[in-house]
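First up is the structure itself, then whatever we jot down about it.
A, B and C are the chain letters, set down in written order, and residue numbers restart from 1 in every chain.
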């Protein structure tokens, strides 16, 4: 039978992108700005991810943390061999990129609503395009609050962006472990929710961070009256292909490379409550 | 069914002619043959290599070849591997890359050198091809390795007339009759002369059939074929529990039964490797020692590996119980939500080739609260 | 250039020979790595420290127990190679026997011996960065590990069962089809499933896979007709279950 489509190989072959800028955000986190060194990829939406290849080392899924024209911006934390190699990539070096993969933050659907953006740690990276999109069309939305948690002050991402955003919308920051000289709040990001100043009944929330933080945040938001189907999470599992055929990123019925990473809380909640699912 | 004016009859000469016609068309023929004490799928030159007069006795964790007292060539149940091995190879190079002065040059998966005609594939395994098609070819990002092999592959199914102890295709709706997905369908008839009822399932199959020394099948032949296949369905010893399996699985995520299975499960991964629909793979990047040449390879992986679910911080599914739950839940339950169909075709390989003899139908029955 | 040292403790030298066995690749290795200490291959010895040390053999004498600490101190990355170094080797069978009694039977002057009561893996004495299992090791794994370390990649050293490799190379399961006892389901992959490819059951030379279900394996071996004591002996050959050794320096 010849009833199947013929796939081009382009889906599995990383496209070469050159590192244009490299910025050290924290001791273990780097933001790379990449430009195509050949045929580029289709446009990425906020929340979508790329598979980034350090040639000879391996490939990892990394969310888009910004864009500039055709340039892709990715923020990467060095936690393994591949991410270490990517973080070490100097301007001029070529890395491989595949994508865009996965679902997007549907920012347009929040038009006319209050918006809560809640980030934990490097979870701020995939949410940065959301904030930029909100600010680019500020009048389309109601009150907007950005709540950011980090383990320590020196692990806070994008301090410049946070200051710029704070001139337009409410930005609250909290750290688990304050360091000497820290004048801000200390505690968990859920403690910032009462300070958000948004109307829970008409709020849309975008959450990204460690799973335990997102679960606690979502529960706290629901307790305050935010509708479950207006709470969105970005979930993470192992990924090898991004294309729905490696099987690694399953979370119950979801293939997170295809049905995620951005998932609505009503879908995510029963799955996250099952141990080792 | 087998009625109608399209059913033809061929004898052994006709089967040899089929092999000849396929060779003429440059197909590499893959079919069942006796090898390493099993009936397994392998590349064949002639119809004489088919497992004439052989069958297999299977049971949980058990497989033995058996001499038949007739010459049947397709009356064996599922062997150690399905045709997955040929279309979704255990190892494949996705690309190789070399550094150049202005970047990196990447070339990607080599086109297959062979075009396969899969002959003597039982209906359960034809159904499995439809499952792999859905997963690997019909998503938003089709897999180039699979599609390049699958495209142009010809399927000659052999209806099942003698199910094994571990078979349960009838309860999965995938057999023993051939209902689609084939170019030609054979039904082997032994009483009254060794012969094969042949039906075309596609223009390519009809074209082939026209070139074979065939004669129209008589109503007696057609009735004999119907009876043989119906009998296979009626005598099939195993079945899945009744009722919708996805709901059964979803309702049992926290069942204590998973720990019971885990006490018997070796988490060796054999069930996934022999499953004709298990598609999971991992990738590995390699370099030569100069570091200037890199390649990405992929190989079959399994949800029974701890590393399979590894994310930064550790594996999601560390316990054996969670890994077995993942496998059977995916196969019988969440596959429906992901791909709109079951991941299980009832071939029974996971039962026969599980060294611990774990039986997916019994475990599902236990979840359903059926007495075992 | 990266420096490489090869060290030997109680062992048969077979694993070191795997490095020499990499005929085609050895030139490429020599191009990227300077072999600074490798008594089996060359008399030339450069002083440490070394970037990579490959350690073969188990710790069986008080002298061994001291020397491994010196080697560790001189090595940036320490890789143990082979079942002796990673698990104590076949000679660890003595751990459950009376060494003094053996010595008195085997040796005319046992008082000349200076030996420990046990044979222990290197990791029981010092920190080990990577372990290459097997008796002998797989040369593909050795080259992969060296190549990976040279470019900063995590070496591909799977911890799942041998069964994965059996199925990938289209071996027929020797337990299911022939009733042969096989440790493959609970043994770490890496050998390429050589023994089952020749219709022999796996005897576990790569040591236990991740989280092995020993009880289920014992039931499996029993079903092939093995007795309880035979099962225990088979299992212990490459999995003596040794505890870390403290207090050596």
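In this section, a residue touches a chain if its C-beta (ideal position, glycine included) is under 8 Å from a C-beta of that chain, and two chains touch if they have at least 3 such contacts.
This is a predicted model, so every value here is computed, not measured.
Trainee: Could you find the two chains linked by the most C-beta contact pairs?
Mentor: A-B
Trainee: When you average C-alpha coordinates per chain, which one falls nearest the overall C-alpha average? Tell me, please.
Mentor: That would be chain B.
Trainee: State the chain with the largest centre-to-centre distance from chain C, centres being mean CA positions.
Mentor: Following the centroid criterion, the farthest chain would be A.
Trainee: Please report how many Å separate the Cα centroid of chain A from that of chain C, as a whole number.
Mentor: Computed from C-alpha means, the inter-chain centre distance equals 43 Å.
Trainee: Measuring from the mean C-alpha position of chain B to the mean C-alpha position of chain C, what distance in angstrom results?
Mentor: Whole-Å distance between the two chain centres: 38.
Trainee: Please report how many Å separate the Cα centroid of chain A from that of chain B, as a whole number.
Mentor: 39
Trainee: Which chain C residues touch at least two other chains?
Mentor: Residues 151, 153 of chain C touch two or more partner chains.
Trainee: For chain A, what residues touch not just one other chain but two or more?
Mentor: Residues 56-58, 80 of chain A touch two or more partner chains.
Trainee: What are the residues of chain B that contact at least two other chains?
Mentor: Within chain B, residues 284-287, 291, 301, 318 contact more than one other chain.
Trainee: If we count contacts the way the header does, which residues on chain A are in touch with chain B in the complex?
Mentor: Touch list, chain A to chain B: 1-9, 11-14, 16, 18, 37-38, 53, 55-59, 79-80, 94, 96, 101, 236-238, 240-248, 250, 252-255, 258, 274-277.
Trainee: In their complex, what parts of chain B are in touch with chain A?
Mentor: Touching chain A from chain B are residues 94-95, 97, 99, 102-104, 106, 108-109, 129, 133, 135-144, 146-148, 150-155, 181-183, 201-202, 204, 253-254, 279-287, 291, 294, 296, 298, 301, 303, 308-312, 316-319, 321-322, 325-326, 329-330, 333-334, 337-338.
Trainee: Quick one: in the complex, what on chain C touches chain B?
Mentor: 25, 28-29, 31-32, 143-144, 146-148, 150-151, 153, 156, 158-161, 163-164, 167-170, 172-173, 175-178, 182, 184-186, 199, 210-213, 215-217, 219-220, 223
Trainee: In the complex formed with chain C, which residues of chain B make contact?
Mentor: Touch list, chain B to chain C: 36-38, 40, 61-64, 80-81, 85, 90-91, 262-270, 273-274, 284-291, 299-302, 304-307, 318, 320, 352-356.
Trainee: Can you list the chain C residues touching chain A in their complex?
Mentor: 151-154
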